[in-house]
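What follows is a group of structures, each given as structure tokens.
Each of the next two complexes has subunit A plus one other chain: subunit B in the first, subunit C in the second.
Entry: the complex of A and B
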């Protein structure tokens, strides 16, 4: 439903701008509305509290003494879920959109491959951000506020409400500097074929950089947290 | 009459208790309140961003769209505060705890909102009120007595209509327990949709979210008359006076559907 509403509003915007705004025509706008809707669930845009809950209850101790890396353990579990949600909650919005609109689908296999990689990285960034946000629970106990904050900022700066190309130039520049665009706006642009040729590599490289940087942040936080954690009995 | 009075007293006690208990965790309360305010303000940010790019949406300028946003969001916020808790009926049915509500001597439709009351939801109405006041003063309205009376009347009727929509969509749970997301896409979808002029949507969206669920009467219909804004759907101006009637009709329908739902309810037996 939200996909349709956003599509019609963006059509209205394109019409008011004489058929094209910021170089985006109606077809791009409509497809953008549905593809971002498809990306929501798989990138964890609705929030993630499982780890924080385990930290609060103390169950995290079990995670810490498993003979595997904590961050990789959670990444593995996230990847499995994410792959499933992309299928179950990512495909229906596009199909529903295609019933009413002529959606712009990548014409060549190369774009599809780049898009697939971009989506994987977007999901990875989603994991890295939520992992770090959940770890805040070591210090605050209740990290729901942080999680909600991430969701809010992502919704706006990730382009999930309006494509960030419609932002005033300074605000778009800000959005491009944040990791959130790499979670929704960038994969959507790849899908729409707006990063042709080497641009695709740049887009993927930026996403990869964010993924690595945010994983590192999570790792540092985890290190700090395990040094201070006190286990109450057994 | 005595019945209604004792019902109101019980309602006040339940809500009062809920507010006092929330207030025990002040920081948490304030944080949630703020996050509700920010979530709602984001929709306003969208309108502002779009108005930077194009001067008008569907022929309506920024202050006219902002009036729509204010009316819709305020009604939605008040409906959210007082009625939206009925949607928890899905969880209660699933867990079998709905039976408890049925045993108590107070209508379930009063109990649910009262026992799940959350004052922090008032956060949604804050940006709405501010926007509404600012937008109304900027919109160059030819103020007459009837136009002045139209604003509070619309807000009250709008709140009731949203409330009725919530009750009806929550009632789906009596027949299909897992349908909460469907219900939400109508309530939240409606709350979002009507922040923009109805005529930007295609016919089937208008029919469903505007007339079948009569949410066009929450803001769009009165606003067309109030603002003398472009009116491509040809809404007659007398229709602007009908929201209270629509509200009454909506309540009757909601009540019927809810009752039918309860009659259909089979406990999980736990």
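Entry: the complex of A and C
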């Protein structure tokens, strides 16, 4: 439903710009609306509080008692859920969109492959951000606000509201420097064929860099948390 | 691997302090240090079953978290199965089993059978050994009827049997049980106890148990440690404990009618409830026979329960 809403808004934007804004025509805008809609759930754009909840209740000790790395443990569980979510909540919006609109689908297998990799990385970045945001619960007894803040910033800077190409140039530049664009805007652009040739590799490399950097941040936070913070309750 | 004569746990002047902030104005906070564990030293040998007791907030859970590497000690030294727990938490997790009476390590939405299968992969246990263990635990704990029920639908007693199995499938050398019988009915409680005794006897598994159920300690442990205000105030055999602290006995006298407190040599009336009076005496100076002889009416002698004794010790420590 929101896909349609966003599609029509973007059509309006394109029409107001004389059929094209920032080099994006109506077809691009509409496809963008639906592809980002498909990416929402799988990248955790709706928020994720399970770990924070376990920290709050103290159940996180059980996770710490397992002979596995806590971050990788949660990454594994995220990956499984994300893969399922992409199937169940990612494909339907695209199909629904295709019923009414002429969506612009990648013409060649190479783009599809790059897109698939880009989505995997987007989901990984989504995990890394939420993991770090959830860990804040070790310091603040209630981290729901942090999670909502992440969701808000992500929605705006990730291009989930409008494509960041519609921002003023300086704001778009800021958005490109943040990891959120790598979660939605970038995979959508890959899908739309806006990163042809070596550009695709650059896009993937940027995503990978964010993924690794944010994982490292989560790891540092986890280390600090387990070293000094009280685990709630007996 | 650890040699068999290596101690399971060695704690030496173990300390843990927490900083607690108190509000002291609109923005100012007072920082107060709380010593949750204050210089605790003990040693647990392989194959021992030790009861670790103390009132709520005495420092039991904090000690356990340090032993298992979840919390870093503020001072003193600690070795669990020969390892420094905080530095080798993950490695240690492979060799210990932990059961929390109030938490679950099972997956709420999965049946027990699936949880156990997952644990087989998490701990990378040998397939044959896993099947063997699982088979024997299912039989000993009588779990076959609910192996396929999702965990959230299990009764507490059923779930606790699942928890024990989950903690033991990887053949841990040390099991730490935090209030494993809390909230259990008598049948499940007995099943859990019998299972633990069996485990300790058959496999030589070291067991450290915290509980408020002193019956557990009496039935399971040869040794008990009592901690209060962060210090160990008793460490020794359970039988020895009873004789050390149990020098006082109470005689309960049911008189035919209410009467003023009885005056019997060597005793003191501690309570009068209508016709019932409680006379306390010191076993080391006065014998029960003397007391009874001093009472003309019919008298019943009740042995102090271990629960009362422990309360006395808590009172004395507090």
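In this text, the second predicted complex is superposed on the first by the 228 of 234 C-alpha atoms of A that agree within 3 Å, B and C clash if a C-alpha of one lies under 4 Å from a C-alpha of the other, contacts with A are read in each partner's own complex, and residues count from 1 in each chain.
Throughout what follows, a residue touches a chain if its C-beta (ideal position, glycine included) is under 8 Å from a C-beta of that chain, and two chains touch if they have at least 3 such contacts.
It should be emphasised that the depicted structure is a prediction, and the values quoted were computed from it without experimental measurement.
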Based on the superposed arrangement, let me know which partner A:9 touches: subunit B (first), subunit C (second), both, or neither? first
Between subunit B (first) and subunit C (second), which, if any, makes contact with A:167: first, second, both or neither? first
Looking at subunit A, does subunit B or subunit C touch a larger number of its residues? B
Check the residue A:109 against both partner chains and state whether it touches subunit B (first), subunit C (second), both, or neither. neither
Applying the document's definition of touch, where does A:67 land relative to subunit B and subunit C: first, second, both, or neither? second
Scan A:99 for contacts with subunit B and subunit C and give back first, second, both or neither. neither
What residues on subunit A touch subunit B, complex-wise? 1-2, 4-5, 8-9, 11-13, 16-17, 21-22, 100, 142, 145, 148-149, 152, 155-156, 161-162, 166-168, 171
Contacting residues of subunit A [partner subunit C, same complex]: 58-59, 61-62, 64-69, 226-228, 230-231, 233-234
Spell out the part of subunit B that touches subunit A in their complex, as residue ranges. 28, 31, 35, 38-39, 42-43, 45-46, 49-50, 52-58, 185-186, 189, 192-193, 196-197, 200-202, 205
Touch list for subunit C against partner subunit A, complex: 18, 61, 65, 68-72, 86, 89-91, 93-94, 96, 98, 100, 102-105, 122-123, 178-179
